[in-house]
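One chain, chain A, appears in both complexes that follow, with chain B as partner in the first and chain C in the second.
Here is the complex of A and B:
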């Protein structure tokens, strides 16, 4: 029964990982920017929701505020940080360092203004009830799973049916050809950052309701998203989402064999193994990099 | 006051070693490791154990630390041979995170979270010495070795690999061996710095070897200027004097000094990458588009 409980918990965490990872993968796939500050969008959205609820806002307004803040952050970082660097053809490492700097600034600003340590929002949704003998589930579990499925469906429809979504995939495959057709790669990159960052918000809000937030959580979220994107195969949203789910489950199930402090190491062991043995990931196209 | 400055200078020399050796991997070989603190830690634990269990001799500790860190650099060389760019950064991040868990769990070797205490002060041939001259000598030796190596055929091979791996391979250069050697040199240097750090602080725990430390070392190299001999030292001195300088600013509440310092260095990293990606010492025409 313990295994089942851990499995369910892993699914819940994994669904949230999958959402953030999909956002990261969307941005990386479309713009080729390794958005290391993706975790900051998550943290900002989570804390916005936290403050909004504490200020007495209804949950849907707080959630909306979280999504708006995450989206604005994504747009802002592209416009003020990544675009200038790309203009003078900065190497990927330049981008990485700049993004890391932003992550540090956000983390410490939140630490200064919101206080350090864990903070969470208590809602009726997060109260666990016994569904099977010795298996406890909170309603937030169904919300997490349902919301992830719904958002993936919407995202897939957007990327395959909507013109802008198709253009985003084209940007991934051949930016030069895209420009030759008269489309603006800057506008599309902005779109990718807006959508990708917005995807982090629901995950952040649900995390605030369940395990709670702390100012350094962005770090962990960024690392997991990155790991999921690479394990899933770069350019494959499906892969990133699946890998995110898998990492969540692997971390939870690993708990029944090893102590808690090893849970995170499990994710990175998986990542490390993939990079050495199969760098193209699960769904990636095999290409030497 | 003199003790304060000696302490600061010793730490400065140690971090200069770290930044200078990381620069060999990042600046010359194009291997963007964010796991340098891992090898710093390996060296520190190795040096501490040698001092505690065998003899408190600085030279022996440094050699053992360099050997341990250099041998385990294989963990970093392996992904470096397989992948490049973002993938390697990801792999080194993975290594860093796993190492932190290992450092805090392998209690018999590292003392866990509590760390190793009571490490004896450095001795050379039975005479107690201060850390500063030893650290400065080690730094000078490492800088000399770097300058000589990078000017010779090995350094040129590395730079060729950095700027065009396929081209270097086509010219008959042994890419795998050169990369592995560069990583081993960088990591062994970090090990030496670790041994010095352990003997200087007389106490080590996992806090000094986490991702933040790796990023700090990387920031030193980047802010100073990659691929230059002096840039990393400039970066190390600037970033280390930042907390000391902020401590004298009266208007910042003392509880927030750490956060303010982090914000400043995060901002510095971002702004520098946007406006001057080659670093403070690096020249502007270089360092723009080699990935």
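Here is the complex of A and C:
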């Protein structure tokens, strides 16, 4: 029963990792910008939802506000930080440092305005009840799984059926050809940041309900997103999502076999294993040099 | 170029502590000359930053009082360094405080941080005072390292008989993988059997861990009577919430680190039992009443244990430095220690503070339970 319990818990956490990682992978895949401040979009969305619920807003309005804030943050950072840098020299390192700096600023601003401590949304959705002998499950489990499946379905439809989605994929594969066809890479990059950042919001909202928030949570989110992107195959959205889910499950199920302090290390063992044995990741494409 | 260069940690620490320090400095106009520097090594950012604000509030009020009373010939100023509760950052901060800022006195917190900075302070003969960490090996860490907080072995000595009375004999421990957690594991391993209890499970978690639902599943399997949580900062709240959300219904017990607002106001922390220092703010002496009144006036809230401790730590500096000024002796680590060991007893918040030869202050303890978001004394 312990294994089943851990598997269910792993699926719940993994679904949230998958959403966050998919957002990061979408942005990185389409724009090749290492958006280290993706964790800040997550944090801002979570705190917006928290403030909205504390202010007495209905949950759906709070959730919508979280999505809007994360999206605006994504659009803002591309327009005011990454784009100017790319216009001048645009080295990978400069962009990374700028993103890192934005992450620190956001963390401190949240600390100043929201307090420097733990915060969570109090909801009965996160209270688990015994569904089988010694197996506990909270309603938020079904919300996390259902929402993730729905969002991935919508995202897949968007990327395969909608012109803008197809153009986003093209931006990743051949930006020069895209421009030759008269499409604006700036507009498509904005779209990638909007959609990618918005994807972090549902995970942030559910995290606010389950494990809670603090102003420094963005770093942890980024760590998982990066690991999932590498394991899934750089540039592969479904790879990142699957890897996120896999990391969450591995972290939880590992407790059946190892001591609790090694749970996080398991994620990174998976990461190292992929780097060594399959550097291109699950769905990555091996390129001959 | 020898001009002053502020490090990132100092700038961040200074910015985070500025609201408190600014108020403290505004009051101190009478004393003149170069200020005495009281360095702080607190987490002002990161997941433990809540403690930094709490600690600084107590220290800043003491600085305000010392300056306003013209207790010393020179003003006292706080120099904040942000440690993020990490030993590496703390050593950098301590080195800067000692070598660049020439701090006369340094306030430390967190067991791992305190153990990391103690050799630096020891070499420089700079007094370091801890009012927040409870690792038992902080006692006697250095002749210049003092504690104004009862350490963990004293807290557990007070808590375990109470737990046995409530028939909480089978204890599962969730502990952070750092010197504090290891110390509490060691204490419970030896002390529980001595009082008729047993440690039925021990679950170490990394400092960065955020997911505790799987740990809850493992804890449930041990069928404990109570779960002892030995962590701090945002993580301890996450542990409480996730244990409660995931079917751990047994009483939760802990130590004084739980005495912060984010735990007290957490719905899932209802019924949490932990040890704290006992301070009578209303019926106490003049020093205690002044502290309580001014703290409430400034922060619109009642003071907590940590504010008392860091107020006392800075007030202790004021009293020791005052004695040295009267002797026309230099205010440095060696002299501060000499006066401490000569006097041993000081008027501090909570009554007389008595120090042993290792620089540890004794304090009364009480057992507290969170009921309806309030702290209720239960033992």
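We adopt the following convention: the second predicted complex is superposed on the first by the 283 of 289 C-alpha atoms of A that agree within 3 Å, B and C clash if a C-alpha of one lies under 4 Å from a C-alpha of the other, contacts with A are read in each partner's own complex, and residues count from 1 in each chain.
Keep in mind that, in the parts below, contacts are C-beta pairs under 8 Å (C-beta built on N, C-alpha and C of every residue); 3 or more make two chains touch, one makes a residue touch a chain.
Given the structure is predicted, the values throughout are model-derived calculations rather than measurements.
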| item | value |
| --- | --- |
| Simultaneous placement of chain C and chain B on chain A, clash or fit | clash |
| Which superposed partner A:210 touches (first chain B, second chain C, both, neither) | second |
| Chain B versus chain C as contact partner of A:260, first or second or both or neither | second |
| Partner chain in contact with A:92 - chain B first, chain C second, else both or neither | first |
| Touched partner set for A:75, first chain B, second chain C, both or neither | neither |
| Which superposed partner A:226 touches (first chain B, second chain C, both, neither) | first |
| Partner chain(s) touched by A:275 [first = chain B, second = chain C, both, neither] | first |
| Touched partner set for A:122, first chain B, second chain C, both or neither | second |
| First (chain B), second (chain C), both or neither touched by A:101 | first |
| Which superposed partner A:84 touches (first chain B, second chain C, both, neither) | first |
| Steric overlap of chain C with chain B in the superposed model, located at which of 96-104, 132-140 or 258-266 | 96-104 |
| Footprint overlap on chain A, comparing chain B with chain C | 107-108, 111, 259, 261, 264-265 |
| Contact footprint of chain A on chain B as seen in their complex | 26, 32, 78-79, 82-87, 89-91, 93-95, 97-98, 101-102, 104-105, 211, 215, 218-219, 222, 256, 259-260, 262-263, 265-271, 273-275, 277, 287-291 |
| Contact footprint of chain A on chain C as seen in their complex | 12, 15-16, 44-47, 49-50, 52-53, 177, 203-206, 208-215, 217-218, 220-221, 233-234, 237-238, 241-242, 244-247, 260-263, 266-267 |
| Residue ranges of chain A touching chain B (in the complex, touch as defined) | 34, 80-81, 84-85, 88-105, 107-109, 111-112, 219, 223, 226-227, 230, 259, 261-262, 264-265, 268-269, 271-272, 275-276, 279, 289 |
| Contacting residues of chain A [partner chain C, same complex] | 2, 5-6, 9-10, 12-13, 107-108, 111, 115-120, 122, 126-130, 134, 136, 138, 210-212, 214-217, 220, 251-252, 255, 259-261, 263-265 |
